[in-house]
Amino acid sequence: MDYVIEMLNIRKEFPGIVANDNITLQLKKGEIHALLGENGAGKSTLMNVLFGLYQPEQGEIRVKGQKVNITNPNIANDLGIGMVHQHFMLVDTFTVTENIILGREPKSGATVDIKKAEKDIRDISERYGLKVDPNAKISEISVGMQQRVEILKTLYRGAEILIFDEPTAVLTPQEIKELIQIMKTLIKEGKSIILITHKLKEIMEVCDNVTVIRKGKGIGTVKVTETDPNHLASLMVGREVTFKTEKKEATPSDNVLEVRDLNVKDQRNVPVVKDLNLEVKAGEILGIAGVDGNGQSELIEAITGLHKVDSGSIKLNGKEIANMKPRKIYESGVGHIPQDRHKHGLVLDFPIGENMVLQTYYQKPYSNKGVLSYKNIYNQARKLIAEFDVRTPSEFTLARALSGGNQQKAIIGREVDRDPDLLIAAQPTRGLDVGAIEFIHKRLIEQRDNGKAVLLLSFELDEIMNVSDRIAVIYEGAIVAVVNPKETTEQELGLLMAGSRRKETGGESHV
Amino acid sequence: ACGTSEDKEGASSGDGKKEDQFTVAMVTDVGGVDDKSFNQSAWEGLKAFGKENDLEKGKDGFDYLQSQSDADYATNLNKLARQDFDLVYGIGFLMEGAITEIAQQQKDSHFAIVDAVVDQPNVASIMFKEQEASFLAGVTAGLATKTNKIGFIGGMEIPVIERFHAGFIAGVKAVNPDAEIVADYAGAFDKAELGQTIASKMYTQDVDVIFHAAGGTGNGLFKEARDLKEKDPSRELWAIGVDSDQSAEGKVGDHNIILTSALKRVDNAVVDLSTKAKEGNFPGGEQILYGLKEDGVGLAELNDELSNKDEVMKKVDEWKEKITSGDVKVPESIKDAEAFSAN
Amino acid sequence: MSNRLTNILIPVISVLLGIIVGTIIMLVSGYDPIAGYAALWNGIFGEIYYVGETIRQVTPYILAGLAVAFAFRTGLFNIGVEGQLIVGWLAAVWVGVAFDDLPKLIHLPLAIIAAALAGALWGFIPGLLKAKFRVHEVIVTIMMNYIALHVTNAIIRDVITDRKDRTDMIADTASLKSPFFESLTDYSRLHWGIFIALACVFIMWFLLEKTTRGYELRSVGFNQHASQYAGMNVNGNIILSMVISGAFAGLAGAMEGLGTFGYASIKGGFTGVGFDGIAVALLGGNAAIGVVFAALLFGGLKVGALNMPLDAGIPNELVDIIIALIIFFVASGYMIRYLIQRFSKKGVK
Amino acid sequence: MGFIDILTILIPSTLLWATPLIFTALGGAFSERSGVVNIGLEGLMVIGAFSSIVFNLAFADTFGAATPWVALLVAMVMGGLLAILHAVASITFRADQVVSGVAINLLAVGLTLFLVKRIYGKGQTDIISEGFGKVDVPLLHRIPVIGDIFFSNTYWPPFVAILVSFIVWFIMFKTPFGLRLRSVGEHPMAADTMGINVTKMRYIGVIISGAFAGVGGGVYAQAISSDFSHATISGQGFMALAALIFGKWHPLGAMGAALFFGFAQSLSIIGSSIPLFENIPSVFLLIAPYVLTILALTGFIGRADAPKALGTPYIKGNR
């Protein structure tokens, strides 16, 4: 047999739930094998079993035909299995080198031989085309770089089989392209890869086989050449999924948001938003396309009052809101789905119900004269949970215990329900499965159709192209072009995002 | 512990199984009965009294309770009164409030307090003329010093310590008006490191005799003096102890750096008062002053290594005589002490 | 087994385990455990007097525990309860001594408020530094403890009195003393303060669980970023939390100053009540009602322990050991929970 | 008093004050860098002080001048042993680490005083006869001025403490062990996926912290208090914790902070003899160390970031 990995009839239970129920996955040498399933289907769990973080209750794992018992990550490493985790396993305060060698440190005498380590890392990174700065601190490098470090970690340990758990969810299109290139190089060098992703396009592009699981059960394995995205999606969800989001023609009217000559500096006092101009009209979705780090976050934080505005004006329905307190801004009609749902979107240790009133708890009917009305809070929570299909054991469950997709749905429900004139959605579908993405896109378009303005920030060109009515391209803190999604291509957008001016539409037009 | 009513009866009528035994107990402050200070001294007094009267340690003889915090004083005093002890001592000024209150409640019990005055008919207040002991210590220091610089380390700035301080100044002045006295308060009775640093500072500044009235903080003084002596046995430096004879703390090889100690004979006072009470002469409501004359304070043996020991001893005896006879009144406040002159 | 039952069982089992280990220690050290526990029991329940003293001791424990718990619930660790208590004590006594012609209806509340304000001020400083300069509140509160100790000593000696070691007794109009309770408990020092402590228990519960302010405080405690995102004033809530915590601690001081003692004296060291408050809060799971039970246990054992040396000849430190062990066992609730589950599963089979 | 005179008093006493804090704070660094809060340092110091004194009293005749050093080893072992309790509770049983630390403090005080009463029949021990004495550091004390200020009339333990600080720095930042220890405190799950035994590393961190705090207590008892009672260790553990945070969880930072505390503390005592400070009421000198610390933190030290995973038990497969 030429299988390098065989996971046969794996069963893994968590208290109260069967995460993996009789799943089989076989990986051939030199192939990229996709693992596909909805959020919470059990993909990460299965891979964690393979990597030795969890012990299966049942089933058998074979590596190169040999039955093995992987009781901890060390054994997995020794067997040549490396994993790039969904949530990066990097120590922020360490350097790239320190992260890579951790646990396998080259020594000279009693000390870590940093020189040798750096050399080794340079060698590997050259061989596989993974450029990194070995001396940089993790906290100072981009997410794409961090991922390279994760890959280097596995290669440094001599991994032959690499597991990538949703590697592209956090990457910009450019970075995704690079990653795909890297994976191809790895295959050429004789490695085998298991890839988890929700992006069917990627599967079609690089994978050889796909194993689909649904609600913990293995649905089967298909050859990529013998399938198409629609088929895969229906296998995974168990029903038909539409990709091209259906939407009516937009009917934009007055400006809801007007940003004029906005300047924002970051914490180190470096200007990151420079003379930026932008407007969003009622009844339209404006997408902001751009490579991460071009001032998107600061722009949104400035609009929502979380970041100081240096100069310029931000008008909401004609009223100046620049440098107002976040609460005042919300009250004047802004909704905000934040980029980082764990950090900004939720108080993870509050019940999901209490999270539903995070900005409105002090208003009627959730409180009266400073006293909370839990009855009304939880009524509201129940309403939103039902309406937005948030899957949670109860409204009293801590937000922490919900899956990412359901956390996101809860946030969107909360923001949409306040019915803001302007809804800012920053990467609203990051890491979600196609079913959830479809749901969220529908909601955004619904807002638009109700005559509200929507500002969508996303690194996914697909999403931008599909959902937006107009696309503003941001580059180095300024809007460099505004295009109509129907009249542009991903290639063109990509070029704009990389800084090349758009000649035919007149360059920096007013938005 | 038996039922409440029974105990109370015992207390009021004074009969029961302890009928013929006079029982006595004390409450210490947080220091405990081996604080090398007045708690210890008081406990030794109780033990001596017990021995004299064939009493055993325990509920039917003599006993003590140690307090873990200020809040325990009242509970402990009350507990002892409830256990039918015939006389209950509160050791230390800190117990003033607690005794005042409990004496009002337990009108049939007898209490005594050391170092404070409580104006209640069933409380005897034991006060000491600390200044007289420290005066003699001052005389010793004034004569022993070679550098004419003498140090004083106080624990906290409270009246008792101030009396020690005042007497000491006066004593030095009496025999050596030229000597300079430097004084420092550590602000605590249990911070040896503070005592050590202060002593280090003083010794470095050529002070060669230091007297402390600082409880456990004084351990730091002894440590510093021992360390200096150990390093350089030829160096002449002294420390003077307080309350009880602290000479045991001063051994360094064959030397001893404790010059003498200003004694506060709480033990004598306790034996004295207990005996009076046993004989039915409990001086309730009175303030009893123990001074040199009453053997309530004194000076410990002088260190044999002192080169002019005999001369010093003679001077000490002279001044002792003057004080006991009432010729000299030792000042109680630092202000008066500064003005004190030897005639 | 239901979760709620387990939550109640854990402290109960912990206390039992603590007592068992205490027994072993007594046996090993050659003491009679039966006599020891009898003495302890009698020291708490033997006479109505002791019961009164226990409740008296519990009073400041409740407030100190609330102070720690309140800060904890809002993400802050207030080790400064001791210092806040000391300044509260002094402030209460100062007011109690300084005004002697006010009617009780004004004087007593004034003294109590003074204590709360003083404690609040002592909490405000670390709160402000945390909010404005991100200075770790643990260090600042530790430092503030020592500052409180020295400053109050100096004020007592040089400002309120003329170089004396304690203040005069407070005026009757500022006293929490209760002749009624005293006669009821055979002259214990039980005073009205217990009602203030219980009122504060209610206040903490209500404030944290029922009000919008409490919602904000908890939210900031769990996730400052999300709270800021949601439009809350993060810095303001940090400061407020320390101020409220300090006020509880100050009130604990008022209990000592206006109830138990009636004066303030120069202190050579800390009272220990503030530090015990940490244990009380944690034992009580940082919940208002939990603090009450923890304070009862703590206060009872502490007062009862005083009886052990006399009645059984056992050093009262034994009780400190037992308390520490109980805290260990409660903290290790995971282990007990695990054991309970194993046990009940077996029981079913 | 001349400036040099002031320094000759100030520096040795600064060093002496700081030494117990340095050792203990270094211990704290091991524990907290591994992700376990150790508020039990105070109690661990108590155990160290107690065991060193008991040992010293019992074996002074056997070991002679070496007694205090041997006693430090004993204190180290005892501190490490008590710390195991903290480790078991907070690592294995996932107890709240602060709660467990508070319990350690209560337990240490209760247990040692109980034992003192049991062993000696009284509330405090006798004074030891073989403590750490004053020394002139060989050779170095001959250096003009510097020798007088730093190396004369001083004690050995401070120099050991400073040396150990550098060794700890080396271990923590230059060796594989240090790298692993810190990784466990920052991101235990990452460390776990790299094959590092998180539980083991944390146990080691906590036990070492106990050993160091034990030494801190042993130094205090044998170089300063000379006996053991309820008051011997009263707050030094918390000051060491403050030094650790002040020093941003860095061994050399902690050492610097401890020296700063020692300096401020000594200055407050020496102050009354410095002409400039003479007329300042003593209370201002007494609170100076604490006020200075707060000002230093507020003014120029600023925020310190604790190890990220500090205080959170590591549960496999959780996030």
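Going by the order they are written in, the chains are A, B, C and D; count residues from 1 in each one.
In this section, contacts are C-beta pairs under 8 Å (C-beta built on N, C-alpha and C of every residue); 3 or more make two chains touch, one makes a residue touch a chain.
Computed from a predicted model, the values in this text were never measured in an experiment.
Each chain gets a centre from the mean of its Cα atoms; the one farthest from the centre of chain A is B. For chain pairs B-C and C-D, the one joined by more C-beta pairs in contact is C-D. Spacing of chain B relative to chain C, judged by their CA centroids, is 35 angstrom.
Between chain C and chain D, the centres computed from C-alpha atoms are 28 Å apart.
Chain centres here are Cα averages; for chain A and chain D they lie 46 Å apart.
Averaged Cα coordinates give chain A a centre that lies 76 Å from the centre of chain B. With touch defined as above, residues shared between interfaces to two or more other chains in chain C number as follows: 150, 153, 269. For chain B, the set of residues that touch two or more other chains comprises 66, 157, 187, 190.
Looking at chain A, one finds that none of its residues touch two or more other chains. By the definition of touch given earlier, these chain pairs are in contact: A-C, A-D, B-C, B-D, C-D. The touching residues of chain D, counted against chain A in their complex, run 170, 174-176, 179-180, 182-183, 186-187, 189-196, 308, 316-317, 319. Chain C makes touch with chain D in their complex at residues 25, 29, 77, 79, 125, 129, 133-136, 138-140, 142-144, 146-147, 150-151, 153-154, 158, 269-270, 275, 278-279, 282-283, 315, 317-321, 323-325, 327-328, 330-335.
Listed in rising order, the residues of chain D touching chain C in the complex are 85, 88-90, 92-96, 98-100, 102-107, 109-111, 113-114, 117-118, 231, 234-235, 238-239, 241-242, 245-246, 281-283, 286-287, 289-291, 293-294, 297-298, 302-304.
Considering their complex, residues 39, 42, 46-49, 53, 57, 150, 153, 157, 163-166, 169, 182, 186-189, 256, 260-263, 265-269, 271-273, 303, 306-307, 309-311, 316 of chain C touch chain B. On the side of chain B, the complex with chain C involves touching residues 1, 4, 59, 63, 65-66, 68-72, 74-76, 78-80, 82-83, 93-94, 96-97, 101-102, 105-106, 155-159, 162, 187-190.
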